[in-house]
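Just so it is clear, A, B, C and D label the chains in written order, and each chain counts residues from 1 on its own.
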Amino acid sequence: MKRIGVLTSGGDAPGMNANIRAVVRAGLAAGLEVFGIERGYSGLLAGVLRPFASHDVSGIVNRGGTILRSARCAEFHSAEGRARAAQVCALHGIEGLVTCGGDGTFTGARLLWREHGIAIAGTPGTIDNDLAGTDHTIGFDTAVATAVEACDKIRDTADSHDRIFVVEVMGRRRGDIALHTALAAGAEVVLLPECPAFDLAAGVARLRLAKEAGKTSMLVIVAEGAGQAGSVAQAIAAGLPGASVRVSVLGHMLRGGTPTANDRLLATITGAEAVRALTELGRDCCHHLGVVANQPVRTPLDAVIGATKPLEPGLLETLEVTAGLRPGQDG
Amino acid sequence: MKRIGVLTSGGDAPGMNANIRAVVRAGLAAGLEVFGIERGYSGLLAGVLRPFASHDVSGIVNRGGTILRSARCAEFHSAEGRARAAQVCALHGIEGLVTCGGDGTFTGARLLWREHGIAIAGTPGTIDNDLAGTDHTIGFDTAVATAVEACDKIRDTADSHDRIFVVEVMGRRRGDIALHTALAAGAEVVLLPECPAFDLAAGVARLRLAKEAGKTSMLVIVAEGAGQAGSVAQAIAAGLPGASVRVSVLGHMLRGGTPTANDRLLATITGAEAVRALTELGRDCCHHLGVVANQPVRTPLDAVIGATKPLEPGLLETLEVTAGLRPGQDG
Amino acid sequence: MKRIGVLTSGGDAPGMNANIRAVVRAGLAAGLEVFGIERGYSGLLAGVLRPFASHDVSGIVNRGGTILRSARCAEFHSAEGRARAAQVCALHGIEGLVTCGGDGTFTGARLLWREHGIAIAGTPGTIDNDLAGTDHTIGFDTAVATAVEACDKIRDTADSHDRIFVVEVMGRRRGDIALHTALAAGAEVVLLPECPAFDLAAGVARLRLAKEAGKTSMLVIVAEGAGQAGSVAQAIAAGLPGASVRVSVLGHMLRGGTPTANDRLLATITGAEAVRALTELGRDCCHHLGVVANQPVRTPLDAVIGATKPLEPGLLETLEVTAGLRPGQDG
Amino acid sequence: MKRIGVLTSGGDAPGMNANIRAVVRAGLAAGLEVFGIERGYSGLLAGVLRPFASHDVSGIVNRGGTILRSARCAEFHSAEGRARAAQVCALHGIEGLVTCGGDGTFTGARLLWREHGIAIAGTPGTIDNDLAGTDHTIGFDTAVATAVEACDKIRDTADSHDRIFVVEVMGRRRGDIALHTALAAGAEVVLLPECPAFDLAAGVARLRLAKEAGKTSMLVIVAEGAGQAGSVAQAIAAGLPGASVRVSVLGHMLRGGTPTANDRLLATITGAEAVRALTELGRDCCHHLGVVANQPVRTPLDAVIGATKPLEPGLLETLEVTAGLRPGQDG
């Protein structure tokens, strides 16, 4: 392999720049040429790419966003689109791609490999933490850090005014951001898409318990896939007459900001490993690069795409216990 | 004067704890007893107060919120309510009050002084920055810092996806938070309650200009008193076909968090000055303590209540110029 | 088991408070009484302890330091000292201890278990990340985050003035903080106590290479066990005539500050697991609680004390590659 | 005036980039061409400059450091050097300069104006806060914020281990950073170059008082011009037998980092005003642009250079009072 490309695709995630930097530099160190491709697959289709030198990725290890930008690309979902992408690769002599993104990104990449033999190394670039083959995904740590920092601020004003706050965080099908945020922020209740059983009625009952135990302020964290903050707040207000309930929707700010040290490290390791996988496996490379228990791990994309990673066991139980919401606890 | 009370009232603001600490310690240093009164005027009416020692305010200079909590108190709006408050003061020998809050807090305090001779020293505790007699209010700097940090994050994802973001910040009647945030975050447009002329249509025109000049991401800051983020976003989407517009409502997180060094300093200076004003003026004290051009300033509450502080001159012009939205600029 | 104690010992680490909170609340939820013991073993020997209620640990999940304080205790190194500690435990009916600390803390705790049958659950409270049986230790993530944030700032001024900075971080026998910091901050060189081969002369050669490749500013991270920043700077200045070299020693600030979400989570999980281990194993409990690959892990203290955890494989290689210091790379 | 230049000189300060951005964009909006000059006067002498477009300063409002870099330039101290600088200006048609820096920068600039008629607009770019004609200088707010954040962390570990910390901050001839930091961090003692009377012996006496009042941890802030942290710590240890004293030297990290909202605002306002001053005053412009009481202020450089701004009155007294170190206070 002599020339590879790198792109970021899907929702952006803090740490993508550190990933790009690692891919470019590890590629150059391995004697490859590395092309940066703009705006994901749509840039690939449009041929918007250029060779990157080492200094082109200077000073970006700590930058949020992605200098390559990202975009959705409907055309790449079709066989014709992918054929055109393969033509662009052939035109520029690109034999392998590092694709930083999530499940959707990998699904497209695998097709490009199957249909056209472009080698693929996928790095886990998504704040959702929903990929198998890695303890965490790039951007997840920063997203949780941002959410927790916001919750710390919100707890201050909740305390001052004896209020209940419902804080909505990103996560349509996946509750990891909500669950980690709730545990780290010391929230009383969390609502997750994966856990209909741990539902709103149970949550209200918990808040009532907390109030009886003497708590005057409370935090409820809601993953967007488990309900809207506004309607959750209404249900709480209905269930706890007299309570002052307010809402905060954190939204897209979770996607930006200086990446945490963890995200930079994960992005750097997986970026360097992606290059190694491409050079070692060549055309057989259609793999995902992750880190498990501090060790780099290479997994076939087949084993990652569509695989569901279960919620970490026991965390909901731990939340309930440490929030002081068990009988006999006084808040 | 031998005994004073301190309370925080109205919306909470970061720095209130540093203010309480300064009042307690400056009071003790002046040979006074200082009572902490919980939950503003409602705690005063209910007699929820206790003497504070110096160590009771240890370790709070950098804490968000207010250890005395805050609350609205409808009863204090009536003459009967204030009479009861005066009785509580008399019962406990409290001759003067330091009231940390905004215009509403001061209005009530002035009546207590007029009707019952309780000396009043008001410290400017509100994130809104809407008080005369001081360059800034306690909490404003932290609120702007929080908003700007959020906007920096949002700009990252806006850049990655070529998007326009509408960010709504607190400020019903006052645009200072929005205006300072917009300037510091490098926003393209700001919508303020004070400036109907700088309106939405003009804002959309500016965004169009910015787009033509080559800008691919843009930030619009809206004070809540100037419009809802959602409807502003709809108007922008209608006026800029093809634009990807998203919304973020920052809300209550602006009220919490570790206060900035500035807010701690302002709170510390005005807290110490409040005690000085009470001891020097005695029963004649019905004053506000601020800082103007780095100097402590004492102003009669009469000259502060209801006074409107104009927006800083030229800032809107500076925003437009530095955002690169004048003809001839290329974005 | 009906009553347990919790203490923090050795150098303090951010997240210890979250650990205490989890132990107290999980203990109460399990029907135990939980005593907080002040200043580690010295407080235990002196009998400075008291029962904790759930609300005693309210609002500390995000506080740096440890509300129980920490201290070194020479007396506990003697059999007499430990006998006295056991007497205090007997006097108060304490059958098990949760000890949050590092290798030294665990060594003493194991003797207390062996000699006097006090059950022990050790939680990994140290910024050094030098304990087996867990991917990370409590406080490590925050220490690295603080170091990286400082390095980001230092890089700004290094860039402005074309300077080389030598940044010294904590770590006498262990280079994890230095190595993670170097990777996340994009440093050019790191000096570690574990790697005499990756030595100063090689580091200077690397800096020379970087300079020739066009880099105008550089960062060198030094673990305190691998050299003093000042002497490293002198060596660099001698080896790179004309270079402007400056020094920054980060020191104790790495031990404080709001713990990161990760550290709070790790502290919360291991605290809850410590209580579970004590209740499940009773007098047989002499275990360490860690988290490996997102799963709680219980390990006999025998397998943790004195065990050396190797540096993560490949990270030094990754640093060199991603810093752009391989031949053929242009900086 | 048709063409101006902008440069940053002396020690770098956070906010310089926001200043450059404002100058470039305000200049373009005023119909001027704006040249960016690299590395201060040395770049001017060497003719390292180029025209800036609006997008050249995109995305830098929140970046630490200075994209124009900074440098000391001995040659500019000579008449020959300045003559050469004037030739470069003439060669490129540059009639006016915006110089962002401190007293030394302004001194050189004024000579260039006097000797060669180059119009000068000086913006206050220094973390030292030692310039007349402005409430604060660009970078000061960020430097204090960084120092206070570090002190908050240090206080955590000081509390955990019952320690005294001596924290040294930048400020050779000026104590503003130390004084503001001490007040905002709730330090017990501050040592300033301006106040030999408030000396080390008095400081030790204060610490003794604090200890007797029950304080178990203490912070001492030292401006580098008032003593070295190490020797201060030794003196304290000698004066307080048994005390555990540690040292932290914050150093250059105070110069970097994302500028605070305040610094960005100040930099933006003064940058825009600098262009206005040049266009309005033309060749007569040899002025400094500051902000006093929220209002832009234009002052002749003659009235700024060499002028000493006194320490804010009463702050030392306020520190002593609010630290709880007066007789009768209990810590």
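By definition in this document, contacts are C-beta pairs under 8 Å (C-beta built on N, C-alpha and C of every residue); 3 or more make two chains touch, one makes a residue touch a chain.
Given the structure is predicted, the values throughout are model-derived calculations rather than measurements.
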item	value
Set of chains whose contacts include both chain D and chain C	none
Maximum centroid distance from chain B, chain identifier (CA atoms)	C
Whole-Å gap separating chain B and chain D, where each centre is the average of the chain's CA atoms	27
Computed distance of Cα centres, chain C from chain B, in Å	39
Whole-Å gap between the CA centroids of chain A and chain B	35
Multi-chain contact residues (two or more partners), chain D	152, 155, 159, 258
Arrangement of touching chains [line / ring / star / complete / other]	ring
Every chain pair in contact, whichever chains are involved	A-B, A-C, B-D, C-D
Residue ranges of chain B in contact with chain A within the complex	8, 12, 14, 16, 63-66, 69-71, 146, 149-150, 152-157, 159-162, 165, 246-249, 251-257
List of chain D residues in touch with chain B within their complex	21-22, 25-26, 28-29, 31, 53-55, 58-59, 61-62, 135, 141, 144-145, 147-148, 152, 155, 159, 180-181, 183-186, 213-215, 258, 260-262, 264-265, 268-269, 271-272, 292-296, 312-315, 318, 321-324, 326, 328-331
